[in-house]
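Consider the two complexes below, in which subunit A is the common component and subunit B and subunit C are the respective partners.
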Partner chain A sequence: MMKDFATVWSERGLLLSGLGNTVLLSLLAALAGLALGALLSTLLMSPKRALAVPAKVFVDAARCTPFLLFAYIVYYGLPSLGLQFDAWSAGLLALTIYHSAYMAEILRAAWVTQPRAPIEAGLAFGYSGFGLFRRVVLPPLALSSAPVLGNQVIQIIKDSAFLTIITLPELTNAVNSIQSRHFIPFAAFVTAVLLYWALCLVVEAGVSAVGRLADARR
Partner chain B sequence: MSLADVLTIFHGALTTLLLSVAGIALGLPLGLGLALLRWGKVPLLNPAVAGYVSLLRATPLVTLVLLLFFALPSAGISLGPVTAGLLALTLNTAAFNCEVWRAALLDLPKDQIEAAQSVGMGRALRFRRIVLPQIARTALPGLINEMSLLIKLTPVLAVVGVVDITRAAVRIGAQTYEPLPPFLVALAIYVPIVFALVSVQRWVERRMARREAAA
Partner chain C sequence: MPTLIPLLSIVSLSKSFGSLRVLEDISFNVQRGETVCLLGPSGSGKSTLLRCINWLERPDGGRVLLDSQPIGITSGGLVMSDQQLAQVRTRIGMVFQQFALWPHLTVLQNVMEAPVHVQRRPKDEVRAEAEALLRRVGLYDKRDAFPARLSGGQKQRVGIARALAMKPALMLFDEPTSALDPELVGEVLAVMRDLAREGMTMVVVTHEMAFAREAANRVVFMDRGVVVETGTPEQFFSAPGTERGRQFLQRYAEGRASLAA
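For the complex of A and B:
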């Protein structure tokens, strides 16, 4: 058994590049997904039905779609419409668009429970449109929904493992090639599981740091 | 894409549904059992369950399925793709259900139990008559949410070769060189199923909110 883990260690270059891809992919998808989700949440909250209804249809549809099927559609389905991506861009695109719907719903849910007074005050001070959203609406929203957004980031990390199916060389893909090369499935996949666990613990530590910040501001 | 192809995808839908139902049916009581071990602060098992839940919540299902599918046979336990997939789904959903049940248990007022004790109810009767009916009600929205998450995770079975909706669609796409139509048929099956569950969850939440407002 220890010999198997030693073999995994001897392939640490491959393992690290897989881990690097998983981290980079999740980070980019989380940031882009949050930005897109914030934009979508303003559409969801819009009093104009022509903006709110399409946004709601998209968010609900994404929340009812399995991520693997969505990734398949982006990578294998869209080329027949003339949109061709390499595995990396397709994976990043699929992760970002899919999770922006979840981010939007999280922000919307937090938004409806926000007190109305600061927004009125912001309006009275002459803020409007995007300035109002960025300076008055978003900061308390981001702080109060931080734990749920953290869970969503963990979900992004876990969904990125699906992208091994579209040949993206992330962590699960790396350990799968290590196990097939050396026939050490247990050691290889357990290593991956422990690395995913470590990533999620880092995210949780980050969330509780934001939580302390939010308490300090209160 | 022919009618026969559409029927193949619907046949896959049957597999998806059967495995989802089996995963839910196994995961619900298992999650409750794990939650009770934590609630009762059973020595050794309490931290073990906490570790299990933390680990499983962080493990991607694809990685778990591949681990079970490849590693168990090399440990002398032979299992097919369906068993490996169902085992992975159950282990995963039990961890999430455990947290939902545990939250409901922590939410249960202590005086309920003390009142049951004072009228002389034994441990098993107390659980069956007092604890379970109340936590089942509080846990219901969370449990339904977990069911829709489970259905959205079932395409992972396609990775190890179970012919579910997703695998059937991939196969037809590969045969006809037109992957988009079968994927859209697959989407048209998944979305209503998950949407129905999400709607039930919202309805239950609204009902509970109304009941709380009335009380």
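For the complex of A and C:
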């Protein structure tokens, strides 16, 4: 058994590049998904039904679609509409858009419980439109929903594993290559699990750091 | 008497919430440097009127003029866009009953926020002014604290400094001491009294009769959505010109007596 792990270690270059792709992919998808989700949340909260209803339909539809299917549509389905992406771009796009729906719903849920007064003060002090959202509405929202947003980032990291099926060379893809090359499925997959776990611990540390910032402001 | 162009003119303002008429044909002027207190029983429409001045509530009819410029309506007679309205609002400072500080910003950041990000004034200049304002309201030592760590009275003094940092032509106070514990009311009123003395133009919705009596140039007494009477505090408090005014003052006096007993 130790020999199997030693074999995995001998493939550390491949493992590391897979891990690097997973980290980069998750990080970019988390940032872009949060930005897109924030925009979507403003649509969800809009008093104009023409904006709110389509946003709600998208958010509900995305949240009810299995991510694997969503990735299939982006990578295999969109080319028939003339939109062709390489695996990396398709994977990033799928992760970002899919999770922006969750981010939007998380921010919307926090938004409705925010006190109205500081937002009114923003209006009274000359903020309007996107400036009001970015400087007055969003910061307290992001702080108060940090734990839930952190959970969503963990979900992004786990969902990125599905992208192995669209040939994206991320961590799961790397360990799959290693196990099939050396016939050591147990050692290879357990290694991957430990690495995913380590990534989640990093995210959790980040969340508790943001939580301390939020506590000082509550 | 020379004709003065009032800083603030309210002309035939009306407002309804659904079928409930909360303001009816309200008209009065506020001259530069004047402190006007809006008095009246709860639900008389005072706060709604104040919020109609900067269009936080949209009036149904009538006009609000700041320096003869209409608020909320363009010179072409159209309702202003959000951006145009925002621009006008930067000239009017507002202090809220529930303080409404921005919770994610420190005291100093709260005061600097709108001058830097809305008025786009240079940050160094704004910082110096914000620090001076915080010294003035006695909270310079708390400049790096977050609002959550302050008492109500401290929060409201930050609220006043935040509004003054915009260098407004007019200050609106919406029941600034109503959410405070009784022992914290004094520190906020002291700051407001100083402002009034220094010639800031202020419209104050308040239940603090002693403050109105001492600091106001004029009081506007409202009941059930209409202005019942206006006058100097001396006139109103010693010899109200209407039956409703007299009853209001009597109820207030009885309330105080029962508290003391």
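For the reader, a short list of remarks on this structure follows.
Throughout what follows, the second predicted complex is superposed on the first by the 218 of 218 C-alpha atoms of A that agree within 3 Å, B and C clash if a C-alpha of one lies under 4 Å from a C-alpha of the other, contacts with A are read in each partner's own complex, and residues count from 1 in each chain.
Keep in mind that, in the parts below, a contact is a pair of C-beta atoms (placed from the backbone, for glycine too) under 8 Å apart; a residue touches a chain by one contact, two chains touch by 3 or more.
Here the structure is a predicted model, which means the values were calculated and not measured.
Looking at the shared chain after the overlay, A:77 reaches subunit B, while subunit C stays out of its contact range.
Residue contacts after overlaying the shared chain place A:172 against subunit B, while subunit C stays out of touching range. Counted by residues of subunit A touched, the larger count belongs to B, out of subunit B and subunit C. Once the two complexes are laid over each other on the shared chain, residue contacts for A:94 go to neither subunit B nor subunit C.
When the two complexes are overlaid on their common chain A, residue A:38 makes contact with neither subunit B nor subunit C. Of the two partner chains, subunit C is the only one touched by A:128; subunit B is not.
In the overlay built on the shared chain, the residue A:15 is in contact with neither subunit B nor subunit C. In the superposed model, A:186 lies in contact with subunit B only, and not with subunit C.
Across the superposed pair, subunit B and subunit C touch subunit A at no common residue.
Those residues of subunit B whose C-beta lies close enough to touch subunit A in the complex are 54-55, 57-64, 66-67, 70-71, 74-75, 148, 151-156, 158-159, 166, 169-170, 173, 178-180, 183-184, 186-187, 190-192, 194-195, 198. Of all residues in subunit C, those touching subunit A in their complex are 54, 56, 82-83, 85-87, 89-90, 92, 94, 96, 98-105, 113-114, 117-119, 146-149, 162-163, 166.
In the complex of the two chains, the subunit A residues touching subunit B come out as 60-61, 63-69, 72-73, 76-78, 80-81, 154, 157-162, 164-165, 171-172, 175-176, 179, 183, 185-186, 189-190, 192-193, 196-197, 199-201.
Note for the complex: subunit A touches subunit C at residues 115, 117-118, 120-129, 131, 135-136, 139-140, 143, 216-218.
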